[in-house]
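Below you will find the structure I want to go over with you.
Chain nomenclature is as follows: A, B, C and D, assigned in order of appearance, with residue numbering initiated at 1 for each chain independently.
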Amino acid sequence: MALDKNGIAQRIAQELKHGYYVNLGIGIPTLVANYIPNGIDVEFQSENGMLGMGPFPIEGEEDADLINAGKQTITAMPGAVYFDSSTSFAMIRGQHVDLTVLGAMEVSDQGDIANWKIPGYMVKGMGGAMDLVASAKNIIVAMMHTNKKGESKLLRQCTLPLTGTKCVTKVVTNLAVLEITEKGFKLLERAPGVSVEEIQAATEGRLIIEGEIPEMSL
Amino acid sequence: MALDKNGIAQRIAQELKHGYYVNLGIGIPTLVANYIPNGIDVEFQSENGMLGMGPFPIEGEEDADLINAGKQTITAMPGAVYFDSSTSFAMIRGQHVDLTVLGAMEVSDQGDIANWKIPGYMVKGMGGAMDLVASAKNIIVAMMHTNKKGESKLLRQCTLPLTGTKCVTKVVTNLAVLEITEKGFKLLERAPGVSVEEIQAATEGRLIIEGEIPEMSL
Amino acid sequence: MALNKQVANAEEAIKGIESGMTIMFGGFGLCGIPENSIAAVRKNGAKNLTCISNNAGVDGFGLGVLLESRQVKKMISSYVGENEEFERQMLSGELNVELIPQGTLAERCRAAGAGIPAFFTPAGYGTEVAEGKEVRWFDGKPHILEHAFDASFAFVKAWKGDTAGNLIFKATARNFNHAMAMAGKITVAEVEVLVPAGELDPMEIHTPGIFIQRIYQGDHFEKRIEQRTVRTK
Amino acid sequence: MALNKQVANAEEAIKGIESGMTIMFGGFGLCGIPENSIAAVRKNGAKNLTCISNNAGVDGFGLGVLLESRQVKKMISSYVGENEEFERQMLSGELNVELIPQGTLAERCRAAGAGIPAFFTPAGYGTEVAEGKEVRWFDGKPHILEHAFDASFAFVKAWKGDTAGNLIFKATARNFNHAMAMAGKITVAEVEVLVPAGELDPMEIHTPGIFIQRIYQGDHFEKRIEQRTVRTK
């Protein structure tokens, strides 16, 4: 059975390593914070200017001066720190953030990503996404394998305007975990009950299938 | 009578305007702080990381963590602020400092300055001088008119390695106040009792003498 | 004596604002925005403004106020969602919008304040943001050349300030306010609490007063929350 | 949970230092220098080091300690006075010295930490500092292109720190420590007081812990004064 959004987040959470600084994008990536494995300490960076982001506040304790990059009211964990936007992107550009998790509309099998603009639609902007994908050492894309029309989002070439080139390291979808390699998407894991054939059918880009492909363990 | 170092500093202090941020170099420039005219508020920037530098501490109150760019123990005035070196030079490079007073070994009549290196001698370094002269809007040089051999330090061309080009706005020496113009050093004031002829004789660069040259009033 | 940057109110603080100017506005979303200065610019009525701001406010609040009054000719931002009037003006062609990566936006502000006319960044390489820009490779990686902004005014908002212009921000309300404060030819700071110079700890100040030309205590801060998200106990 | 960067002592903190490396040392003069890390590098004995530091210490203290033990091959500084052993090694050709403007030194540190590979600055144009460097005019003014540093280690010293690596500096002891902390591939912070994460006010922190890989409380701080200047009451 294909994963839901929480399942994707849960699988991505397995990529967290002890000591990581992590930047989570809006949407599915935000959910990753709910599934931090036991015994693993990570700190979340919010690009509007904090490290050590905590959960949403208890009702009545919201602070207009304390929000995340999605403009949601949040809290600070012990050891947190605030800083200005230029310092925040110094961290990002300077590769001090260990892992970035982003949503996407399209990913190419060379690791290009498109997630900010659909020609003909109102364009809201790239926010910090272009800085993140241009600099992060480790970028995992969290998205559904296909769009609402059933078309693959894992492509030979992106058709939408790019956010960044050759930058994505892994893609976790409702169907599979895939690594970007020089030869295309390498299939690492299947969602529980999803067959390699289903993944192949939903993948337009080059798909590399080597040996037995294990099911994810969630 | 030619001015002494304190006289030079006193004359330069007349250039201070209410509301100025001022950076004083080592040597004669440091003495300027002793002659701030009444009713004039200025703040001193020390490029190692503070604004609002105060006088030397009272004996016994020295703090190893509170020094100026000359590495002397100092104090902080009310309204002072500390910052890091990259922010300090952001202020300097970004032209937020209104006036810089520097010593020099040579100044050319186009406003070039040499004050950091004598070939054949131990070179200690330019410190912050190159950043200051490359960026400051208003640079006054404080120096003796001639060197120990009696040779002019106000030249047609500098002979020593440059610190910066076309940057000095005024020169205040033991003999005169001069402004750098397109045509050379324009003589503005004479030190008390010093004749125009004496100044002319001590100036190797182009000297512009227009009309009656007043004596400084100290 | 510390320099005194205090002005009486927002009206006095924005003196010199003219139609056609480029102005920076601090804040991220509705967090840390200069509410009182925005209201004064609305009252002033200057038109054809180019606004540099990470976001464009919402309908009726933040920069939305200046969009409603048609005072904005161009927005330079990284993200402009959540604003219907903005969308209408943009789609009708009344409003010119330049979208740039958020980190580049922040760094172009800092560069303006720091006397760095241009710098190389990897952000935007291979995208339409890089079109027409110089590309250079450093250490095997492509970068594009970006330039410092040039803004006549910067409006920022801090929590506490002193009469010498020193600022302290609360939590994530610092955001773009610090770098924009560095960048404005005239930077106007509005604060919730204004104290005499000497009352702030010099080690706790975020933005040194040298970057601030005018400071005043705002009359009223609504501090609206854009996305109120809570958890149950 | 906040990340834990605490190591036991200076010896553990400098692990990985090897001969031939490029290392940054924070401080201005003798103010805010990483005394304990310098002592550990001396004990370690790594040779042929390239040291990036605004100054070179004095005879017997600060980086003077590593000059005496002939561990330094090259110094990159803005000012290197007040050190006889330094002068002797420099004049004899044992020591290679690269002098660069202080603001450029600071900005090349920040750039390294901020992922800016190169930037334009007016400092040094028309002088020997500009030799061989690209010149470009912006807004009618000449600038030269300068590059980010590349340092394997940065040693910095702060007043207070927490186990997550967050740092607070005292007075002017902040100086180069902040930008160098950003720049080191491995940044080691020694502090006078180390507290558990959560004990520092997140608004009062000068350098965020993300830039720090290792932190420890120094055994002993001499904090020598280079120019003791006083006035009479």
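In this text, contacts are C-beta pairs under 8 Å (C-beta built on N, C-alpha and C of every residue); 3 or more make two chains touch, one makes a residue touch a chain.
Just so it is clear, the model here is predicted, and its values are computed rather than measured.
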| task | In contact with subunit A and with subunit D at once: which chains are those? Just list them. | result | C
| note | Joint neighbours (subunit A and subunit C) are D
| message | Between B-D and B-C, which chain pair is linked by the larger number of C-beta contacts? | response | B-D
| request: Work out the mean Cα position per chain and let me know which chain is farthest from subunit D. | output: A
| remark: Expressed in whole Å, how far the mean CA point of subunit C lies from that of subunit D is 32
| query | Just how far, in Å, is the C-alpha centre of subunit B from the one of subunit A? | reply | 55
| query | Distance from the CA centroid of subunit B to that of subunit D, rounded to the nearest Å? | reply | 29
| query | Quick one: subunit B and subunit C, Cα centre-to-centre, how many Å? | reply | 36
| remark: Expected list for subunit B, residues touching two or more other chains, is 50, 76, 82-83, 86, 89, 92-93, 135
| For subunit D, which residues are shared contacts with two or more other chains? | 107, 110, 114-116, 121-122, 169-171, 202-203
| What are the touching chain pairs in this one? | A-C, A-D, B-C, B-D, C-D
| Residues of subunit C defined as touching subunit B within the complex | 1-4, 110, 112-116, 162-164, 166, 182, 196-198, 202-203, 205, 208-211
| task | Spell out the residues on subunit D that touch subunit B in their complex, using ranges where they run on. | result | 28-32, 54, 77-81, 87, 90-91, 99-107, 109-110, 121-129, 159, 169-179, 206, 223-233
| field | Interfacial residue positions of subunit D with respect to subunit C in the complex | value | 107, 111, 114-122, 136, 138-139, 141, 143, 147, 168-171, 202-204
| Where on subunit A is subunit D touching in the complex? | 19, 21, 41-43, 45, 50-52, 76-83, 87, 89-97, 135
| message | Under the stated contact criterion, what part of subunit A meets subunit C in this complex? | response | 46-50, 55-74, 76, 82-86, 88-89, 92-93, 112, 122-131, 134-135, 161-166
